[in-house]
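Chains: A, B, C and D, in written order; residue numbering restarts at 1 for each.
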Amino acid sequence: MVDLSVRIGGLRLASPVMPASGTFGPELAEVFDLDLLGALVTKSVTPDPRRGNPTPRVAETGQGLLNSIGIPGKGIAAWLAHDLPAWQRFAAPLVVSLSAPSAAAFAAAARALSVPGVAAIEANISCPNLEEDGRAFAAEPGPAAAAIAAIRAATALPVWAKLSPNTGDIAAVARACEDAGADALVVANTILGLAIDLDTMAPALGAGMGGYSGPGFKPIALRLVWQCAHAVRIPVIGCGGITTGNDAVEFMLAGAAAVQVGTATFIQPAAMLRVTEGIAAFCAGRGFARVAELTGRAWSGARPLAAE
Amino acid sequence: MVDLSVRIGGLRLASPVMPASGTFGPELAEVFDLDLLGALVTKSVTPDPRRGNPTPRVAETGQGLLNSIGIPGKGIAAWLAHDLPAWQRFAAPLVVSLSAPSAAAFAAAARALSVPGVAAIEANISCPNLEEDGRAFAAEPGPAAAAIAAIRAATALPVWAKLSPNTGDIAAVARACEDAGADALVVANTILGLAIDLDTMAPALGAGMGGYSGPGFKPIALRLVWQCAHAVRIPVIGCGGITTGNDAVEFMLAGAAAVQVGTATFIQPAAMLRVTEGIAAFCAGRGFARVAELTGRAWSGARPLAAE
Amino acid sequence: MDGAYPVASHIGAVLVSEPVGARYHRILIDAPALSAAVRPGQFCHLLCPGVYLRRPMSVWRAGPGESLGFLFRVAGPGTAALAGLRAGDTLDAMGPVGRPFSLDPGWRRILILARGVGLATLSLLALRAAARGIGVTAVLSAREPADLMLAAFASDAPMQVHAVFDSDGSSAPAAVGALLAAEIARARPDAVFTCGSDRLLRLLQGIAARENIPGEAAIEQRMGCALGLCFSCVRRIATADGPRDLRVCREGPVFDLHSVEAW
Amino acid sequence: MDGAYPVASHIGAVLVSEPVGARYHRILIDAPALSAAVRPGQFCHLLCPGVYLRRPMSVWRAGPGESLGFLFRVAGPGTAALAGLRAGDTLDAMGPVGRPFSLDPGWRRILILARGVGLATLSLLALRAAARGIGVTAVLSAREPADLMLAAFASDAPMQVHAVFDSDGSSAPAAVGALLAAEIARARPDAVFTCGSDRLLRLLQGIAARENIPGEAAIEQRMGCALGLCFSCVRRIATADGPRDLRVCREGPVFDLHSVEAW
């Protein structure tokens, strides 16, 4: 029997498999027992209500998905009043994804979210930073660190920084977030993409460009995890195109301590269970007693501390 | 009969379809008549001989390819003596892809390549810049502009700047190359990716990370073309995952004046002919007399000058 | 169907796959648990060979002991791949999902207004109503007689069907409006239902409001998950707290007739 | 086969697809032009259903009027997909590509040393030699008798075959070396050929050098295009100008026996 538990900063997760923000909700409990997951990750919550982007909000592109949902939501106050209670029926740790327009707003929101029932805050710093006229916090080390430092100062909860592929040097952003006090990194959010509808001869998404996810994004996300895990000592949670247990094993061998599964759930609603079984089968077949032993195995040098 | 000709800076090409550097050679003349192509693009030529990277140099990943060939070659002197003559039997314009370790080396090489039979120089500025300890020229506007300006000053030939997806702000790099005197942009080179071999539990490529190309890369390349074509007035040549005529049409609607086809040739050796036929069929079916009319059609605003 | 986990991906053997008329296709699969669980107006999210995303498809035929059916227009790669399935192939259908139509056993008559492939969405409602002895008046609109799928809609259940066509002008709003008014005067329905045309939706909203008859409409939107997770399928819907972007896959695809804002 | 454009992608109907022994599989397709053009040692680049890159595969059977054959070990997704093909399916084979073996009509005898699936690469050479009245001595090495594909190699052509196995130790280098020396003493070959084992390659290089017999070896390397375009398939080869990285798909897969550097 393989030990699937992993440590992510202060948290011990019963499984390395968790959902990716924005692709998950309590509705999935109609498909399987959500307490089989290592953690539950919410859609990004925003300080104020947001309507989101015009439709179509998703488009298919080969072996992948383009989305421009626009983080619609009722805002933190309503989320605390209505959504948080709905999550309490699950035993798995609840990770709240947080998105905000400024470092100060991130701090205030993190403070508001520091309530019983919330196990960690995942800072979605891929969203636009109004103080840098709309460039994402995660595009540069400076703004990324400012946001994480502000959150760190505002809460005692573990803080996960979710990085963006849309940057010139993700290792630098990763180090900046570690130095600013992040307990873990989630790598990565979607990469900016585009599809043109040949019937309308216009972008397939109502918003124009969108985030690319799914299998076609996997080789890039795997590279980002490799770069970040080499750059920091905090755990890296791999995310991007994971569909099978073998995909997840690749991420862990590249340096990830855990994984998130997003778009795959749209294709197979029980994908996260299949991924969990696949990881366990790989470990059993290759003689690993603990899934944590996989982390960083593909490195030429020593294994990263993230695995310990 | 659709007019397939397009203008790229000073050059008039009989077709918008040409090969992508490193995926093409005179050997393909064993498969079809290469003069059906808009231009012939060589593998990147380097000032000095290079051995290239350890094998395996390619790996498969879903709907795409990872490569780390390492630009092996005999160097410019031998290329001028042996390879250039072999290209002279073709009528299509010859575009020489050039890679060098410094702006000065780019300039010297461009000067050496300014000989009869060479129609344009494609500067592969995605390669490592030894003066920026190995970061690619195309990663930042400054080094990119320095390389292009040096080449511009060294030759009267049209200069195409081939940009890299591995940057935080490709529009800024595009503008910098335009200001430095580039006659056209090629968008884009491969994006950095990784695959792990589960049997060996090590990277699938001998060199570790590699360049990701093919259909899975397409939505990203299409977005890069969209961003660059909005940022500059010089023509943009789209490249990344193009496999069918419809793919090529998407790139032109997004703002490309012409396209390059790379990995698709590995799957279907006559892919470039199929792409050309597909573009012509789309134009005929939708009532476009000239393929150049497609360029930038997907824009909300006016059409870009690149199309004129 | 496990009560605790009502939604699942079901792999069913294709029993029938054949064209219906010039532009439509029907598929029947063997998926007993799913077929028994589905209610009229609900849909399944179908894995189409060779395309990445699933495609949402209303359930056209279902019931305990009955095979599960879909009736669709071949619109692009996904539906083309579905139409390419052959008896013996398997189809992965995820469901049942979505809010079903209301069907009150106390009703005496319902009126159905469907356009084009919208009748696929309303057919099961009509059959269930007829089976319960509820009278069904159906006004079916199509481009031309060749496109009308009368048998596909009514099977051999007893109902009052009126067909209107663009080809002879009988489908024009004014003409359909008059027809509906006459039908309602002749045999007043307890509820009205529509799917498939925004124009007809607005027409029916007006008449039902005047006549003060309750109703429901089934609508479509581009979907990702069909599980309520991604919020890609929202449509503007009037609610007690004002207009809201509701999920067609979750709060819909069936909404109160008057709550659907025409786009 | 168009003389001006000798290389093309040929879509052939699968005639035979069946396992050979425990770990191998053979496929015969109907591709007349390609089959007539192929020479021993050349290969085709095969499109395998469901995987992106083509897979290189030596031609095992070919000839004017004959179907085109491949014999392979199921090693992963690509070869598994090939093994999944059934009679009536089609296979897209790109070729012929690569440098063939030399076969001098003046020769009286050749000696072939093959290991494992390397015999698939050498079988056509043996058959063509035998057909021309050239004597063939073949030493075939395999893990165990069950793995030896004697019939697959020799068909029913006349040749002198020696089988050696790991299971009884007869495939050990020393034993094979002695066997080769004896065979060469008994009937000296004009040329020697090998494929499938680096150890046997080195062994044969030594013996051929001592006996001063010319020879060729066919080798493998991970491939992208198989057309000489991408330089992914290079191997270190000794040339007149010193060691060079040559393309297995273009300058090879057949190289002078002594030019191949053991890795």
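Just so we're on the same page, a residue touches a chain if its C-beta (ideal position, glycine included) is under 8 Å from a C-beta of that chain, and two chains touch if they have at least 3 such contacts.
Everything quoted here is computed from the prediction, not taken from an experiment.
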Touching chain sets, computed without chain B: A, C | D
Chains touching both chain A and chain C, listed by label: none
Far-end chain from chain C, centres as C-alpha averages: D
Where chain A and chain B are represented by their mean Cα positions, the distance between them in whole Å: 33
Distance from the mean Cα position of chain D to that of chain B, given in whole angstrom: 37
Between chain D and chain C, distance of the C-alpha-averaged centres to the nearest whole Å: 60
Mean-CA-position distance for chain C and chain B (Å): 49
In chain C, residues with contacts to at least two other chains: none
Shared interface positions of chain A, touching two or more other chains: 61-64
Overall pattern in which the protein chains touch one another (line/ring/star/complete/other): line
All chain pairs that touch each other: A-B, A-C, B-D
Interface residues, chain C side, partner chain A - complex: 5-9, 47, 51-54, 94, 221-235, 245, 250
Contacting residues of chain A [partner chain B, same complex]: 61-64, 66, 139-140, 166-169, 191-196, 198, 201-203, 209, 212, 215-220, 222-223, 226, 246, 249-250, 253-254, 282, 297-298, 300
Partner chain C, residues of chain A touching it in the complex: 22-25, 27-28, 30-33, 43, 51-52, 55-65, 67, 69, 72, 214, 265-270
